[in-house]
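Sharing a structure here in structure tokens format.
Chain lettering (A, B, C, D and E) follows the sequence in which the chains are written, and residue indices restart at 1 in each chain.
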Amino acid sequence: MARFFKKREESKGLAPGSLVFIGNQKVENVRIRVIDYDKSNLNELQLDDIADSKAFKETNTVTWLNIDGLHDLEMMQELGNIFDLHPLLLEDILNTGQRPKLEEFDNCLFLSLKMIRYEKEKQVIIAEQLSMVISNTYLITFQEQPGDVFEPVRDRIRKQKGRIRETGIDYLAYALLDTVVDNYISIIERLGEQIEDVEEEVLTDPNPLVMQKINTFKREMNYIRKSVRPLKEALLQLLKLDSELIKDNTIQFLKDLLDLITQATEAIDTYREMLSDQLNIYNSSISNRMNEIMKVLTIFAAIFIPLTFIAGIYGTNFDYLPELHFKYSYFIFWGFMIIVALTMLAFFKRKNWL
Amino acid sequence: MARFFKKREESKGLAPGSLVFIGNQKVENVRIRVIDYDKSNLNELQLDDIADSKAFKETNTVTWLNIDGLHDLEMMQELGNIFDLHPLLLEDILNTGQRPKLEEFDNCLFLSLKMIRYEKEKQVIIAEQLSMVISNTYLITFQEQPGDVFEPVRDRIRKQKGRIRETGIDYLAYALLDTVVDNYISIIERLGEQIEDVEEEVLTDPNPLVMQKINTFKREMNYIRKSVRPLKEALLQLLKLDSELIKDNTIQFLKDLLDLITQATEAIDTYREMLSDQLNIYNSSISNRMNEIMKVLTIFAAIFIPLTFIAGIYGTNFDYLPELHFKYSYFIFWGFMIIVALTMLAFFKRKNWL
Amino acid sequence: MARFFKKREESKGLAPGSLVFIGNQKVENVRIRVIDYDKSNLNELQLDDIADSKAFKETNTVTWLNIDGLHDLEMMQELGNIFDLHPLLLEDILNTGQRPKLEEFDNCLFLSLKMIRYEKEKQVIIAEQLSMVISNTYLITFQEQPGDVFEPVRDRIRKQKGRIRETGIDYLAYALLDTVVDNYISIIERLGEQIEDVEEEVLTDPNPLVMQKINTFKREMNYIRKSVRPLKEALLQLLKLDSELIKDNTIQFLKDLLDLITQATEAIDTYREMLSDQLNIYNSSISNRMNEIMKVLTIFAAIFIPLTFIAGIYGTNFDYLPELHFKYSYFIFWGFMIIVALTMLAFFKRKNWL
Amino acid sequence: MARFFKKREESKGLAPGSLVFIGNQKVENVRIRVIDYDKSNLNELQLDDIADSKAFKETNTVTWLNIDGLHDLEMMQELGNIFDLHPLLLEDILNTGQRPKLEEFDNCLFLSLKMIRYEKEKQVIIAEQLSMVISNTYLITFQEQPGDVFEPVRDRIRKQKGRIRETGIDYLAYALLDTVVDNYISIIERLGEQIEDVEEEVLTDPNPLVMQKINTFKREMNYIRKSVRPLKEALLQLLKLDSELIKDNTIQFLKDLLDLITQATEAIDTYREMLSDQLNIYNSSISNRMNEIMKVLTIFAAIFIPLTFIAGIYGTNFDYLPELHFKYSYFIFWGFMIIVALTMLAFFKRKNWL
Amino acid sequence: MARFFKKREESKGLAPGSLVFIGNQKVENVRIRVIDYDKSNLNELQLDDIADSKAFKETNTVTWLNIDGLHDLEMMQELGNIFDLHPLLLEDILNTGQRPKLEEFDNCLFLSLKMIRYEKEKQVIIAEQLSMVISNTYLITFQEQPGDVFEPVRDRIRKQKGRIRETGIDYLAYALLDTVVDNYISIIERLGEQIEDVEEEVLTDPNPLVMQKINTFKREMNYIRKSVRPLKEALLQLLKLDSELIKDNTIQFLKDLLDLITQATEAIDTYREMLSDQLNIYNSSISNRMNEIMKVLTIFAAIFIPLTFIAGIYGTNFDYLPELHFKYSYFIFWGFMIIVALTMLAFFKRKNWL
């Protein structure tokens, strides 16, 4: 299966804006949760019917609607109608192979990005698509399945930690993004440690398994980069957008977030370079080992082949072979062979092969 | 034949704007089809004489004129006269080696691009040139031969699916482009799956055939890139152009298309990098195998060459060779050889070669 | 001789604007040809004395003065005086190692570029410098020697083909440039075909000659690029210049030319990449062959060295060597050797070397 | 441990602006030092309580508050309150894994950068974070531990050397930055000398230790680059900022500093390229050595294997083997072998292997 | 010694603008020469005391003050006072490790660049720093030692050649720069010829010396690039500066100079690429040779090892070995061996190894 590229086969030839779910259905039932708050009140509930969300559309409070599961096209269409979402926006939410991007619509900002997770046993990064619709009065997030990294944000809302209860929807969106990027960095870190560990191994024991490891890390780093870099672009765009949906005092926080994500992309580049260097070291080490092997072979061959030849001579059955009949021939023969062997050894010593 | 570059030999030295067909004639007769529609009416017909197209020039309906086959220069000239097309525009349509581009003329926009097709048996991408003339009242498309990816668009027009019947020529042009880019992505995907499959093979069985595969994929990816990247530039240009031929509500769709094509170019780059990595793995694997081979050779040589030498000594015919005459010489001789062999094995064990 | 860089030794330390001819004199006598035309009249003649050119300076007709041969400094100086050319301009014309460029002077535009020619027997690209002075009433072109690619343009002037007789000096300049760029593309094509042919050879028979070919193509592509890329820059500059010497209806043609030259530079880059890939394939193929060779050696050595050792044992002359005296020893000995050989073969089979 | 990336695990999920110290505590007690001066007066003291710093907040003199040690969160919070520092600013100071950057706040400029130190025994660069808060009336610097490169600046303040006592806070900040960048250059220099020394070694004795050295230098250069390049960006930003905190006559000094840091980044790039070249030389040298080894083996094998074969023939025990019984057979046999050996030597001579 | 980076150790920690000479003193006494001229008068003299230069500060003539030797700090300080030079400017003049740059001061332009010289016996490029102070009424140049490339310019001033006596200080500065850049090109040329010569050698006889040569050229090209590229930047900056010190009619000359230096940087890049290609060819050639060597070894081993084995069999002393006693055994034995040998040869022939 093409992991780096999601199948769009199903949507081929359909009218743009047609709703098709592209991806694997990861959850049986769609779950709709609402957190609605302002400075003094907090309301947290789960909706059974998407129609109930209409009540939250125009309130003055901060409304965060979170949808887990994207396969229910009918519900999505209804949601689109309630919140007046552009067909292209809905199409992008449903296409989980979407490249991270920011788009400005008349009534809202749309941000599509990836949350990533490291599956240690398979040594594979899994990306899940997160879509955000940021409007004046509500924030809607779409995830492929339940389970996310946002619990700390929910806690801060519940426990009134930090400024989150005193600020608006833009700050909530920022807080979620911040958590996602924090998670990027934490995963890059974890991979990074493993990469730095390989460095030692490559020098001491360069075997094909090490090469395989290096290539796995390389592939995963590329995979992360595919999620991180477009998000950086989207953030830059958001900062230049001058949308009235983003208030002035959130800008400083977004700039800080941009720094964080810049750090992440630089870390990815650093590790990619490091992996390239490791591959070079690996290849050089392989060549070095080959030299070692060849030296051993050559030394053995070059010493014993001439000796065997000499022994061969005195194994011939010529009628007249004078040396065979002298008394000390055998010992002279040995002496000669030892001299030859020592000469060869000296020769290899001088060539620095021993 | 230079596949990456179409012969222009025939046009050398001709006046600019001269009509010459550059390419291979792929169809015997030119086919002219017209689809003419508005919200309520639809008219689909095939023209036998190009002169009949004049009737559609200034209508208020959306007119889509599709020409299959480019070799009939006379007809092209007549068409140029009817629709008032710039000689350079006609020249570009006829030159199937044209680089994808957008050009603005007084009365129309001209867009030249490639449709691609994957011939599985030859493992080769085939590109066909598609030219579009977008005016206020008509859209003319030129293809090298019948058969295209536009059938779903025609269906949507016929069955009034989506917004296509309610929008203008710019949306029709967008819908066609969208189909072409969808097709790019679908082909990149298909190649991509094959590329990801090779990864396994490269590690387990690095043979020259794998290398050949990798290089074939590389070449095809480069070939696709040659079609996709200039189209992205052309789209960017179109978005900046601020032409009155493109209405405001189509812009959002074109932006979406730009995202799609950006995704395609990034996928191409990702796969190209992946192929480079695979080549590196391939080369490292080859080196590893060489090491394996050399180890086997060295171990055999280093064990048996000394033994053969010892046997050689006692095969000599010296008159006086005391060891030959002791009773247990032969067994001591065996014992000694076994000790030598074991010593060698221990040596290689310590060197980690066994 | 440094082919990539023309000797400027002679001009070192001279005052800027001093007239020195840098290059090899390729023609004995300077030849001066004039083509002077408007819509209805055409006058084609050869001048013996440069002073005669004065008559054409301020006419209303289109005057094309073509100089073949640059070594006559005195004549160049006189020409400079007649047409009021800046000393730096004259210096640049005479320096055939000049990088292609566009320069704007008070009374004219100066364009310096290269015409290229492929010498098949030497497999070498030869570049000749072409300088153009574009003024309001005349176009002067300077070539190093007679013989150029402009004959079709002259023909079009003579036979009133195309729009050339109805347009001005800017269009004439464009027509000449178009011919030069057409020629670039035709040569790149020809090289390109040879490059695509090498691809096959590299896979089937990687020998040093193939490598030499690849490197020759690489060098020639670099050589062409040195001529083509700066011309593209110069054209871009010309389009941005907004000079009154270039009329509005010529702009569209220049844009078309820019597309053509962009296509040329992209083709060069594509072929350069292709050559790099071929070198990689070549190197991998060499490694593969090495593996093949080593396998053969190892198989032979590993099978026969142990056998030879066994034979060696029974060639020893020990007094007491019981096996020698059994009746079927020799056949058992053969059987044992065959078993050893088969075991080795099975071993190599399992290692996939056979 | 991931050296290229500081653990942020502790801060994950916290509200932005929460104070968490990220890094290793390198000092037991925080030390607060104040240098307060103008043209005529100088006041240097150590504070025990951060609350005492309040007195310096609004003076007309230049106040430099230096904090060594970052782990005391309570104190940092108090300092933040006294000097009215933005929570994000405080968070950045405490995160020692911060990427160098400049940020503009309402009341101050914030600059985060790295001081580097070369630990010779471990051949490792150590980076310490330095944060600067530049306001109208004070400069606060934060270091991870006591001990810095600023002693010369303090001396210049004490001894009224140069213009430092006559200028303001911006010049003081510049002077500190200048010292830090000077230190970068001095460390790059020291590494650079070692790198240039390796060049010789790589050619004469390419052993795995040399490769390890090259890779160590590469890694350290990358590590330095991670500190230097973002600082250059920050400086560029500072010059474009047009902040009123930076006076006009300091600009020239900052431009000079920018030149210095540009020189540093170019030196890093030069050395990185040099190291790449050295790795290439290393690999070529390894291949060359392999060739040498193989030549020796081949020469020995090709000379003695045929000779041994010849001796083997006359060691056979055929009843009827006529050559054995001629009188001079043995000498002819020797002569033949010598001819064979000389022929082989001549062959290798002609192949240029000897 | 770090050749790519001048020691700044001495200046570490000093106040910015402190005068320290960084470099090697290359001349015993400082020499001060003045050339003062206008259209009709010329005055050329050597000053013993820097104080005498004051007389030339405000004249209407063109004054060129040339200082050879930079180590006399006192004199430099005095000069600085007389001509009112900024301390940073003086510091930059004295730092011979300065990166080429242009800086604008209130009363003058400051240009720092490198003159280069090729020491053939050491095959090393030597760079000497040249600093220029361009004011309204004087030009001061600073060199590390006497001896420069400016003699032709002095001659042109003395002999009234070209326009130099009729133009101002800006043209004089241009004339000097032109000479320096001419010298760059002449040295690049000379290296370039040697590089193009190596190409042949690499193909015919790839030995480690060739590799060393290639790497030397690479290093020197990098060294030159370090001088040339920043000068190009400085020139670009100068052209954008719109300083009143540069008159309009000098601009055209500076543009011409920019073309020249662009040509130089492109030539450097071309040669660097060529050297990279040569290294690749070198490595491929080494691999090819290895293949050749291995083939010879394998052919010898594969032919003679089986033969030796066969001979070994008939050298055994089995009591019952029937073949030994047939009359024609020995000839059959030879025949068999010849068949084996021919079979092997045919095998290698088919494998294309012979």
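Just so we're on the same page, a residue touches a chain if its C-beta (ideal position, glycine included) is under 8 Å from a C-beta of that chain, and two chains touch if they have at least 3 such contacts.
Source: prediction; values computed, not measured.
Participant: Can you give me the shortest step count from chain C to chain D, moving only between touching chains?
Facilitator: 2
Participant: Under the document's definition of touching, what chains do chain A and chain B have as common neighbours?
Facilitator: A chain counts here if it touches both chain A and chain B, and no chain qualifies.
Participant: Determine whether chain B and chain C, two copies of the same sequence, contact each other through the same residue numbers or different ones, counting it as same when over half of the numbers at the interface appear on both sides.
Facilitator: Homomeric contact, different residues on each side for the most part.
Participant: Could you tell me the distance, in whole angstrom, between the mean C-alpha positions of chain A and chain E?
Facilitator: Those two chain centres are 42 Å apart.
Participant: Taking each chain's centre as its mean C-alpha position, how far apart are chain C and chain E in Å?
Facilitator: Taking the mean C-alpha position of each chain, the two centres sit 26 Å apart.
Participant: Note the residues in chain E that touch 2 or more other chains, in rising order.
Facilitator: In chain E, residues 283, 287, 290, 294, 297, 301, 305, 308, 312, 315-317, 321 touch at least two other chains, as defined above.
Participant: Which of line, ring, star, complete and other names the graph you get from chains that touch?
Facilitator: ring
Participant: What is the order of the chains around the ring when you begin with chain D and head toward chain E?
Facilitator: So, from chain D then chain E onward, the ring reads D, E, C, B, A.
Participant: For the complex, which residues does chain A have touching chain B?
Facilitator: Result: residues 1-5, 7-9, 11-18, 86, 88, 92, 99, 101, 103, 105, 208, 211-212, 215, 218-219, 222, 226, 279, 282-283, 286-287, 289-290, 292-294, 296-297, 300-301, 304-305, 307-308, 311-312, 314-317, 321, 324-330, 333 of chain A touch chain B.
Participant: In the complex formed with chain C, which residues of chain E make contact?
Facilitator: Interface residues on chain E, with respect to chain C: 149, 151-153, 156, 161-164, 174-175, 178-179, 182-183, 185-186, 188-189, 192-193, 196, 203, 252-253, 255-256, 259, 262-263, 266-267, 270-271, 273-274, 277, 280-281, 283-285, 287-288, 290-291, 294-295, 297-298, 301-302, 305-306, 308-309, 312-313, 315-322, 351-353.
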